[in-house]
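Following this line, the structures themselves.
In the two complexes below, chain A is the common chain; its partner is chain B in one and chain C in the other.
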Partner chain A sequence: MMTALQETLGSLAALPGVRAALAATESDGLPVASVTVFDVDADALAAFATALFQRTRLANVSAGYGETRHLVLDAERGRLFVALEGDLAIVLLAEPDAAAGLLRVALQRALKAVA
Partner chain B sequence: MDAERIQAWKAELARDRESLVFISLVDALRRMRRFDEARRYALQGLERHPHLAGAHDALGRVMADLGDDTQARDEWEFALRLDPSHHASLRGLGFLAYKRRDLAGAEQYLARALHANPADDGLASALRRVRLELRVAPEKAPEPEVKASRPPSPARQSAADEARHLFAALLGDGDRTALLLDRDGLVLAGTYVDGSGREVADEIGAHLSGLADEAGRALKHLGLGRWESLLVESQHATVALAPGLEGAIVLVAAARDTQVGLVRRLLTQARQKAATWMGRAA
Partner chain C sequence: MKRSVVPWLDQPLSDFVRHARLGLAVALEPSGRVLAQHGFTRSLDVMSVCSLVAAIHASASELGRQANGAPFGPLHHGGKGRQLFFAPAPVGSGTVLVLAVFDDRTSLGVVRHFFTGFAQALTHVTDRDLATAPMTGDFERDLGRNLAVLFGRA
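And now, the complex of A and B:
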């Protein structure tokens, strides 16, 4: 399982513009596995990404919007993608000009592969 | 990291059951949304320190997070009996008063909280918004509680209506909604209704309170600069958020079949509208 997860993260990290790919548990925000192309604080990234996902998920539940599938955060110097299956979140950190559509699809496929 | 500190605090409490670290522990557990655990530690702490205002405040915060406003209010009121200038309890009661649209009550509590801690910028911002809705001059003394039940004057009602319908024109008749929240998650303008037409703005605000500050800190640590927008796709809706003035958040939600590009465009327009309105109101 860990090998498959690590391989999946490796494939994601190899996509153009991706700086880090990691898997984390949503419930405690701790990284399970990570592949970082550049120097990225995986612990901080996992904690922030899962907390952000959790907050928006709860807000969506309150609004009756059902299950939250995916989020994209755009910042000045990077884009953050998070998708969740069960308690496992996959997080991608990419360059600001990375192709969002491509990464979104790759992330969803990766999530299905490891779920 | 909170997880490490939580372990350290738990270990300290295991060593010394009288330790006051339970307050920090409860707060950290709340931040991680581990509410049941937070409530357990808050109750244990309160058992050992029943005359400590901070202990009642800790439980009050957990109960507010859990949506039990009645118990939250009881705890904060008790804390004020122990320490009439307890800043966090005044703040909490102000938030609850605002939530039930008791604007005069909210103004009174928030003004007292700000008096107790003038350095609390978030509180100053919340108080400005409440006063804006009340159309009360900042230097005016808080009104006695009995007057809070008076029906709103036409001017107050008009201001509240304007805030509520701020985004109506740009949203059109589709299945869309928009909201402006201050940095504490208090609703400044707009509405947020669920599929059954129920107003859920306060609940959404509670879940997103502090989001802008939290995102700012984390992104700074990660070297990513300021956040510009957040797009969330769920089963039935696409929700887009962006930072506004003074730590506020602008939020737009649309039915899932709405094109993502259109949702982003609506967000840009709502952000501009919110900035103009906040600038005018300041």
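And now, the complex of A and C:
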């Protein structure tokens, strides 16, 4: 399981513009496995990406929009992608000019692969 | 109501509580003497928590020494609705123990992250600063005095 997860994260991290790919538990916000460039704090990324996803999920449920499938956050210097399967969240941190469509598709495939 | 009996704990603990969205927090010496608290309304509760935390720390440290060759670090207990995070932070040549209670408004990952910041903020505290919370040698008296300060009776 861990090897498959690590391989999946490795293939996500190899996509153009990706700076970090990690899996984390949504309930605890702790990283399970990660592939990151040296200056990315995987613990902090896991904690805040899952917290953000959790809040978004609650907001969507409160608004009557149903379950949240994935979350994309565009910031000045980067893009964040989070998707969830069960309690496992997969998080991608990418450069601002990374191909968002490609990364979303890759993220959904990765989720199916580790589910 | 004061939150801390030592000025160097005020801001770091306040930041930790606010950023990590903690419900309750208490900082104490390994002896069980309270130094700061957030969220408690009764001094008796703080006194009980401090006694328990000091005992847990002593047990976990000794277990760690025997099983691992060194005291265990942070401890987490996930309850049904609330969770506990308990960790020591080095201060000067001593240690401050922190117990944080949180619910699903935050997560263990977030609490751990901001605890690192809290511990980092205490790295500049010197042994001279520690002397701002002098002990008289009488534990009961020290504990009573600190609880009185924290709950506005001093």
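Following the convention adopted for this analysis, the second predicted complex is superposed on the first by the 114 of 115 C-alpha atoms of A that agree within 3 Å, B and C clash if a C-alpha of one lies under 4 Å from a C-alpha of the other, contacts with A are read in each partner's own complex, and residues count from 1 in each chain.
What we mean here is this: contacts are C-beta pairs under 8 Å (C-beta built on N, C-alpha and C of every residue); 3 or more make two chains touch, one makes a residue touch a chain.
Just so it is clear, the model here is predicted, and its values are computed rather than measured.
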### Task
Based on the superposed arrangement around chain A, label chain B with chain C as either clash or fit.
clash
### Query
Once the shared chain is lined up, is A:Thr68 touching chain B (first), chain C (second), both, or neither of them?
first
### Message
Just checking: does A:Ala24 make contact with chain B only, chain C only, both, or neither of them? Give me first, second, both or neither.
### Response
second
### Query
So, does A:Val37 touch the first partner chain B, the second partner chain C, both, or neither?
neither
### Query
Given the touch rule stated above, what does A:Leu15 touch, chain B (first), chain C (second), both, or neither?
neither
### Message
With both complexes superposed on chain A, which partner does A:Thr56 reach: first (chain B), second (chain C), both or neither?
### Response
first
#### Entry: More chain A residues in contact - chain B or chain C
B
### Query
Touching A:Ala47, do we find chain B (first), chain C (second), both, or neither?
both
### Query
Where does A:Leu88 make contact in the superposed view: on chain B (first), on chain C (second), on both, or on neither?
neither
## Note on the structure
Both partners, chain B and chain C, contact chain A at residues 28-30, 43-44, 47-48, 51, 54
## Note on the structure
Within their complex, chain C touches chain A through residues 78, 106-110, 112-113
#### Entry: Parts of chain A lying in touch with chain C, wherever the complex brings them together
24, 27-31, 43-44, 46-48, 50-51, 54
#### Entry: Parts of chain B lying in touch with chain A, wherever the complex brings them together
1-3, 32-33, 192, 194-196, 200, 203-204, 207-208, 211, 214-215, 218-219, 221-237, 239, 253
### Query
Mind pulling up the chain A residues that touch chain B in the complex?
28-30, 40-41, 43-45, 47-48, 51-52, 54-56, 58-60, 62-78, 80, 93
